[in-house]
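A short write-up of the structure that comes next.
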Amino acid sequence: MPANTFGELFRITTWGESHGGGVGVVVDGCPPKLPLDESDIQGDLDRRRPGQSKITTPRKEADQCRILSGVFQGKTLGSPISIMVDNTDARPEAYSEMAKLFRPSHADYTYQAKYGIRNWEGGGRSSARETIGRVAGAAVGKKVLGKLHPDLEVVCYVKQVKDIIAQIAPEKVKFSEVESNIVRCPDQKTAKKMISLIEKMRAQGDSVGGIIECVVHGVPVGLGEPVFDRLEADLAKAMMSLPASKGFEIGSGFDCIHYTGREHNDLFRMQGGKVRTLTNRSGGVQGGISNGEPVIFRVAFKPVATVMHPQKTISISKKNAELKARGRHDPCVLPRAVPMVEAMTVLVLTDHLLRYRANCAGFNK
Amino acid sequence: MPANTFGELFRITTWGESHGGGVGVVVDGCPPKLPLDESDIQGDLDRRRPGQSKITTPRKEADQCRILSGVFQGKTLGSPISIMVDNTDARPEAYSEMAKLFRPSHADYTYQAKYGIRNWEGGGRSSARETIGRVAGAAVGKKVLGKLHPDLEVVCYVKQVKDIIAQIAPEKVKFSEVESNIVRCPDQKTAKKMISLIEKMRAQGDSVGGIIECVVHGVPVGLGEPVFDRLEADLAKAMMSLPASKGFEIGSGFDCIHYTGREHNDLFRMQGGKVRTLTNRSGGVQGGISNGEPVIFRVAFKPVATVMHPQKTISISKKNAELKARGRHDPCVLPRAVPMVEAMTVLVLTDHLLRYRANCAGFNK
Amino acid sequence: MPANTFGELFRITTWGESHGGGVGVVVDGCPPKLPLDESDIQGDLDRRRPGQSKITTPRKEADQCRILSGVFQGKTLGSPISIMVDNTDARPEAYSEMAKLFRPSHADYTYQAKYGIRNWEGGGRSSARETIGRVAGAAVGKKVLGKLHPDLEVVCYVKQVKDIIAQIAPEKVKFSEVESNIVRCPDQKTAKKMISLIEKMRAQGDSVGGIIECVVHGVPVGLGEPVFDRLEADLAKAMMSLPASKGFEIGSGFDCIHYTGREHNDLFRMQGGKVRTLTNRSGGVQGGISNGEPVIFRVAFKPVATVMHPQKTISISKKNAELKARGRHDPCVLPRAVPMVEAMTVLVLTDHLLRYRANCAGFNK
Amino acid sequence: MPANTFGELFRITTWGESHGGGVGVVVDGCPPKLPLDESDIQGDLDRRRPGQSKITTPRKEADQCRILSGVFQGKTLGSPISIMVDNTDARPEAYSEMAKLFRPSHADYTYQAKYGIRNWEGGGRSSARETIGRVAGAAVGKKVLGKLHPDLEVVCYVKQVKDIIAQIAPEKVKFSEVESNIVRCPDQKTAKKMISLIEKMRAQGDSVGGIIECVVHGVPVGLGEPVFDRLEADLAKAMMSLPASKGFEIGSGFDCIHYTGREHNDLFRMQGGKVRTLTNRSGGVQGGISNGEPVIFRVAFKPVATVMHPQKTISISKKNAELKARGRHDPCVLPRAVPMVEAMTVLVLTDHLLRYRANCAGFNK
């Protein structure tokens, strides 16, 4: 079953390999009459782009997007919005070794085994370049959110790089603080340490992973569709579909096990006429449905598999071999993964908002 | 959008509240001519059943299943298999307080807010009782797995209860070891400590959470559908759709952040003519596709929200209130969650096996 | 891919064979807080029921439905509504011959070929009995329609039996006129002729087909989702999924070919402040979207394949053979197909109303 | 709910308006390792193209396609195949009148009412130009069919134009006969009459409709998924999703009503070791599943709504108005609709073949 489509009512279909004619997305289900042009999308693509700072991969691509359909006189038509970005940094010769050897902990071997063929000029479909379509689609989703819930805000940031942990109060983080440094960590002091570590890793030809935290303010009560499309279940799937993600947790997450039930429960209280909880170990979701508190979750990303050291591996003819170092790499995916986590969050929320409109809104009064 | 259906090609639709006419499942997409009768299902339901041991809730229900359709002369027809279990332990009077108060960290408030109505006689649709349909559906899935991949085996067990951690070599655990004690932890010595802790928690009217680990042996190479239905993404969604789950991680999981890329990569080697990796930090999945190594993941479950102590809360008329203790509770959900995690794993794998058959098998040679 | 589910946002999953534990439906996506009990459903089941008049099959089943979930204190919960009907008229001995021979123009041969097994005690899954689930699901759908568009009305009736054609003005037909005779033809004079013909057919052990026409009043403008889920496309699929249907046409239908474009076009005029068309050859749908005029379509049903005469056929061991006459049959499916056509129409419209709410309502102002 | 995606396992998503950046399709679910390049697609696009003969619209577009992804070194990768065609014939000034007036029996009014906005430079999304994506997607589907069932052949042709009916034996028609004249009617003598009539209509500024018949040879037994995705149900939906279609019938179709059951039944006989039916009133499908006989169906297309005569209509400000004649039109859609019907047939069959592989193949032995 094909699986390049995400979402039910607000739905993106991404296409494209890291090398070839380009990458893109078709957004289906975008409501009509929302203002939209390329500038609404380009900003987020630029935050995702390689080569944007000294701590990301030096691959140079402008990633200029074009809207090919679904917009008329600056407004969405309600028909599919096709957006594409050309591939410009084609250097197949740089990848000739990959034609014959599988890179360890990459998708080379499994793609070859599953499909019997793979585009070995780069990561093909498993490249992070595929996420361009997701980020572009989410930029459209933001227009829907902005129309329906102007005060809903998604803020993602780097919480941890290897063993360097930022001190952050999730409820208070501002987007501008996140974007004020190249590692996208709002704890400015810790951010510097992270940058130093990443630079050191680059110098050593090695890489590091870490944790991205996401907090969503202004989520209306009632999003999430039991029993299978609980909000945290759809968020988990969204995050675990990102390249290099290894874990997802919401609210207290894995830390929940250190509490007893009495300690862990979020007690309800009325505050200023609103239903609130005294703590937010639930992470804003109870029984799979948002409860009005901020939605907070974390995603673990592994250290990038591409390293500048010889590694044991096997060849496509199933012989033991050694893979030599390549010329450029991204020593830490996290700064660029921030807009990806943000994008997937926006896609999940936009979809669930439309789902709520369909089957609940009005009926539940 | 309705969300009581899970799976694409092997698909279950569950129905039923904890109180009312019963609970059940319709399995659609089960291939024909597989032997099936109630006894294939009842065993797993018994492992999920409340009241099965001194450390589970004393709610007493036989949970006897009946197959209503889709089977003829002991074999599946290829048509929908409807399975149901009656609800017998109806004690609405026990829940009268719940009609007016929202239990903290339960789904009472969010269901009321989303739907404007809820079945307050127990947990309604958010009750763990809903998972009967999942376990029954998975029992059917096991017949498909058994036919297609007889040596595929799913083994789940309790890895941790609060701060008590079992020492387990995932590659070697046997199902019989798991089932040899009531807490379902194959480290027999640690199991005793876990049981003691759970009994203590019951005595104190409190509860504890923990971690379930799942290892799947014999997964064929090639399962998982990039880019959105990566195997770990579908597993994450499946697990996070279970009541009380707070986190999911695969392979090295959140621990991946402590490694550099050089340390973390799983190096390929040929062993006995087979492609293997020297380590399995990938957890058996690379690029979203199984690589033939055991699939290993973990799920965190929070301490059960029902505790035997008065708790602050609010009423349905949005007034501050206090919820008194109820008469019976499940001090730790983990022993019963083991067959639930197993069931969701089986459902994901069955679905992905059929998906592989459709679009890849044969074409990739 | 399993295909016992119909609809996107208002979704039914039917299950059950003509013989076995029963038949039923799970309705998912029904909005909350709609009043619902068995009496809302039973009336439509009775109109579908065999044995309801002298011109239908004498198979006697009460078809009493039970709601098993999704309703609490007389109102829908927003969770899946499971409805079932027991099978009571089990006479496997009556079908022993069918175990070995394929009935011509039935589904016996194709089911055996596709699945390698079939429930030969009656029509199994291909029996019209399967439509019980559809009719029950649509009875729930009517509650949604009634809430959202109280003046939307679906009226279906027998337009033609063999060569007997009723004179009917679709815009004016009332439900009560349809139900005033056993053949469900609102042209009372022609209805008598139809009844006579059907009785004659029964006496001769033969059968006849005909045409059902459906008109829907009060359809709001804007239903239908280009480009693939045009309203007429979803209606066509719905109707062609009914047993024994052979053709579908909307508005002018096949007759459209006799006009030139100038003659065929429906010219717009303002009437009483409303947008109207001077003719309705479009059948209420233009560009796949309802235009506010009555939706009118027709469905052709073949003569029932079961006849009381020996017929050439083959055996399951692929030998030429002869099938002898059986004891009872339904000489004309049309009177009972009226509520089936109505049910499928209701399901399509309910689904499209919820879809419109999700992606268009409000945005298009 | 977005509806620009068609198919379950072999799935196309089309995008693009008649005017704007272009039109295209993303094909998801195409199996790997099938040879594919633009030339495999261009031929079918040329058959669909306007301006291909004197009886089609003079709109001139080369409709040159480009494959942007999913193919590597001439073979499919198993990843999404993105194909696009530029829009080159942009003449917005030709449509200025359409900005203010709704063309009768077009989609102008319903799009405006549903979305509150429309691309009035041509037909926008409701233009036949959208079918480029379908035809391109089906060209990919043909590669799958060719691999799995080399002798499966889809032949569509014009059966009737207004009252001119061709004499054709469906079982014997060859593709080359269809393509041997510009009206695509294999009865060469009648084809000439059709061409004359269409030319006359053009001269009169009027238009005509007709019937396309489709016959599929070599369909394996077992395609079609009861109960909702019966083969004829999916074909009906596919055909009724094409612009200008008004009716669908399979096998005996609407003509079935003139027979009794005894006359209508297709009797089984063994012939040359194969199961055959003596007649094929079923049109190759029984119980929703293909029976191995040729699949035969017909689709009615209305006369094109664009005519060169003033017509009554209303304005977007809801005032009565008159629409004057435009400069060019397509007097008969049928010759160009032949490859569209063919494309939708290929898409349905490819999808059902993959579905059969998933859930039935092998299990049914």
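Chains here go by letter, A, B, C and D, matching the order in which they are written, and residues are numbered from 1 within each.
Simple rule for what comes next: a contact is a pair of C-beta atoms (placed from the backbone, for glycine too) under 8 Å apart; a residue touches a chain by one contact, two chains touch by 3 or more.
If you're wondering where the values come from, they're calculated on a predicted model, not measured in any experiment.
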{"item": "Co-neighbours of subunit C and subunit A - touch as defined", "value": "B, D"}
{"item": "Most widely separated chain from subunit D, with each centre as the mean of CA atoms", "value": "B"}
{"item": "Between subunit D and subunit B, distance of the C-alpha-averaged centres to the nearest whole Å", "value": "45"}
{"item": "Subunit C and subunit D, separation of their C-alpha mean positions in angstrom", "value": "26"}
{"item": "Between subunit D and subunit A, distance of the C-alpha-averaged centres to the nearest whole Å", "value": "39"}
{"item": "In subunit A, residues with contacts to at least two other chains", "value": "1-5, 8-9, 14, 29, 32-33, 78-79, 114-117, 125, 226, 355, 358-360, 363-364"}
{"item": "Touching residues on subunit D, where the partner in the complex is subunit B", "value": "1, 9, 29, 31-34, 78-79, 147, 226, 354-355, 357-361, 363-364"}
{"item": "Footprint of subunit B on subunit C - complex, ascending", "value": "1-5, 8-11, 13-17, 20-24, 26, 28-29, 32-33, 66-72, 75-82, 84, 114-119, 121, 124-125, 358"}
{"item": "Complex interface listing, subunit B residues touching subunit A", "value": "1-6, 8-9, 14, 102, 104-111, 113-117, 125-126, 130, 160-163, 201, 206-211, 221-222, 224-230, 232-241, 243, 245-254, 256-270, 275, 277-278, 281-283, 285-292, 300-307, 309, 311-314, 318-320, 355-356, 358-360, 363-365"}
